[in-house]
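Going in written order, the chains are labelled A, B and C, and every chain counts its residues from 1.
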Amino acid sequence: MVTQLQGLPGLQELINSVLKIITSRTFLEIVVFPGFLNVLLSAAFLTWLERKVIARVQLRIGPLYAGMWGILQPIADGIKLLFKEMILPELADAKLLMLCALGLMMLAAAPIVAIPFGEGLVIANMDVGLVFVFAVLSLFPSVVLLIGWGSNSKYSFLGGLRSLFQQVAYEIPMWLSVLGIVMLTGTLNLTEIVRAQQKVWFVIPQILGFAVFFTAALAELERTPFDLPEAETELVMGWMTELSGAAFMVGFLAMYTKLYVMSALITTLFLGGWSGPSIVPEPLWVVLKTFLVAGVIVIIRGTFPRVRVDILLRTGWTRLLLLALANVFVTVIMIWLGFGWVWRV
Amino acid sequence: MFLALSALIVASAVFALEAKELIYGAIGLGMSLIGVAGLFILLGAEYLAMFQIAVYVGAVVVLILFTIMLVRRESGRIVDEEEPASFGRAGTYVAALVALAVGGAVILLAPISPAAPEFYRVQLQELGRSLASSYAVALVILGLVIGATVVGGLTLVKIEREEKPSGTAQ
Amino acid sequence: MALGSWSLLAIFELVIFITTFPLLAFGWLMGAKGKNPIRDAPFESGQTRLGEARLRYMMQYYPYLIMYVAFDVVAMFLFTWGLAFASLPFAQGYLFLVFVAILAVPLGYALYLSGRRDLW
């Protein structure tokens, strides 16, 4: 792909090197798949999916007019939000809010670099992939707290506090629930964890861990039945109340990006990642399973009522934590009984 | 790379000290700690870097932020009132620079040539093994300490709730 | 291009920043401006600002944050231990269980207490 140009010799080299970078595998991975475009389009798709599924659950139809089946609805929403005025309360810190919205998006998308979408198809094959994801997740509460505080509004701040406590309470059970997987495979590398599931997916031996992780993930994503920080009839939008216009769009998209990434993580950890019959290419398996998980999460939203905040916190810190520790105990027994070889990489 | 990270760490720390609003100070602290995690990565301790972020930036900074936000809530702006251009402040920075200069001189002029730290990736499994075998007693004691913390935390929650007549929701 | 994992992460984040920042800038510039005391007031569904009792109420959950710090550190040790677990002899494996049990006991008691709502 060498283009011949008369004129400045340096320009031709520049174009060549730019072309080489753009078509390099790394760049394609980062920008197209499984990187940026994948994340963006999937998050937008999930907003549409949610509205459609919730609508069906509630015996409605959902978005209908923007394109076939309303599939272009997210684009319409995005364009509308972009042109809306960004109303900010007095004394609210505009720069801080926008910076935090940006930070939310960057944080939400970050774990995707470590999640494998096929044998060797991963942006950054980190040896500490699993704890990298946890570290990124642990940064969310502080950003949310800053948004709630920076909005200078009681509703927002209260929502931010609730979100903080909720996420903090459920992060520990989430971490401990995957300890069983770590013990069985002896690695933190997500690619290796998927490879270890070639015979049996972890959802079966680690069923308890899966249950705990799924519940904790629902709490991390602030989805029903844990969406108190966003309780629409109580706090309007919780900590996102004062974000409007483009900032809201970024924050809203960040939440669905997080949903996509967490679903992909669940797929990687428990549902075997890319493994499946070869009639379907490997990355497609990952995408299919991820959307399956996301779909279940969306259906749950339409089905369950909301949990009160003190019950929520208490359950997370006591019952869920104990269940996670019980899962570790079960795993220990399993390894001592000699079953560990099945998943040894 | 090392220089860039060090500059980030020091700049964030200075920003944290100088910021008028306490919240910005906490954010500066967070940036500084993330820089430290970056240094850990440069040294090959990725695992430690990840938990540095998770524990320090994820938990400690949150604690600080929460405390700032709830303990001093006057009219939305938390400002660290301080007289401008005081000798104390200037003196602090001068002292820091002097310490840096002296330390740098000592390191550069010392007769011992420092062995460049090799990029040795710690095998995590080895780490776990040695932790379990050599330091087992220390770990059990740590477990007891953390258990005490948990008990304390849960008791505090109980006490705090008792001081509020908890009726229905909210 | 053989780049380290962290550089790739940095590049990825940069891509996101480059694409998201213009959106925010665009929204900031395009929105109508107008200072209006009613519009600038924080959203409270039409009511004027009320007291601070609700926020004081959240202070009672402060100890949960302290427990979070403690368990964060615990998680670090548990993961290190757990990585090597499969290759450990039984004796050291028991220690791991002892560690987990020490942590689980107060939690179990808290679980019991949560059933007795009058005490907790």
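We take it that a contact is a pair of C-beta atoms (placed from the backbone, for glycine too) under 8 Å apart; a residue touches a chain by one contact, two chains touch by 3 or more.
Since we're looking at a predicted model, the values are computed, not measured.
Asker: Out of curiosity, which chains are bumping into both subunit B and subunit C?
Answerer: The shared contacts of subunit B and subunit C, listed by label, come to A.
Asker: Of the chain pairs A-C and A-B, which one is connected by the greater count of C-beta contacts?
Answerer: Here the pair linked by more C-beta pairs in contact is A-C.
Asker: Whole-Å distance, subunit A centre to subunit C centre, using C-alpha means?
Answerer: Comparing mean C-alpha positions, subunit C is 14 Å from subunit A.
Asker: Which integer distance in Å separates the CA centroid of subunit A from that of subunit B?
Answerer: Measuring from centre to centre gives 27 Å for this pair.
Asker: Which positions in subunit B are in touch with at least two other chains?
Answerer: Within subunit B, the residues that touch at least two other chains are 47, 51, 54, 58-59, 62, 66, 124-125, 154, 170.
Asker: Identify all positions of subunit A at which a residue touches two or more other chains, and write them in rising order.
Answerer: Expected reply: 126, 131, 134, 138, 152, 157, 161, 168, 186, 188, 317.
Asker: What positions in subunit C touch 2 or more of the other chains?
Answerer: Within subunit C, residues 6, 52, 54-55, 58, 61, 64-65, 67-68, 71-72, 75, 82-85, 87, 96, 103, 107, 110 contact more than one other chain.
Asker: Would you mind writing out the residues of subunit A in touch with subunit B in their complex?
Answerer: Residue positions touching the partner: 91, 126-128, 131-132, 134-135, 138-139, 141-142, 145-146, 149-150, 152, 157, 161, 164, 168, 186, 188, 308-310, 317.
Asker: Contact residues on subunit A for subunit C in the complex?
Answerer: 21, 24, 26-27, 30-31, 35-36, 40, 81-90, 92, 94, 98, 101-102, 105-106, 109-110, 112-114, 123-126, 131, 134, 138, 151-158, 161-162, 165, 168-169, 171-172, 175-176, 179, 182-184, 186-188, 236, 241-242, 245-247, 249-250, 313-314, 317-319, 321-322, 325, 328-329, 332, 335-336, 340, 344
Asker: Quick check: in the complex, which residue numbers of subunit B touch subunit A?
Answerer: For this pair, the touching residues of subunit B are 23, 27, 30, 46-47, 50-51, 53-54, 57-59, 61-62, 65-66, 69, 75-77, 121, 124-125, 154, 166, 169-170.
Asker: Help me check something: in the complex, which residues belonging to subunit B touch subunit C?
Answerer: Contact set of subunit B toward subunit C: 41, 47, 51, 54-55, 58-60, 62-63, 66, 70, 73, 124-129, 131-133, 136, 139-140, 142-144, 146-147, 149-154, 156-158, 160-161, 163-164, 170.
Asker: Which bits of subunit C are touching subunit B when the two form their complex?
Answerer: 6, 52, 54-77, 80-85, 87-88, 92, 95-96, 98-99, 102-103, 105-107, 109-110, 113, 119-120
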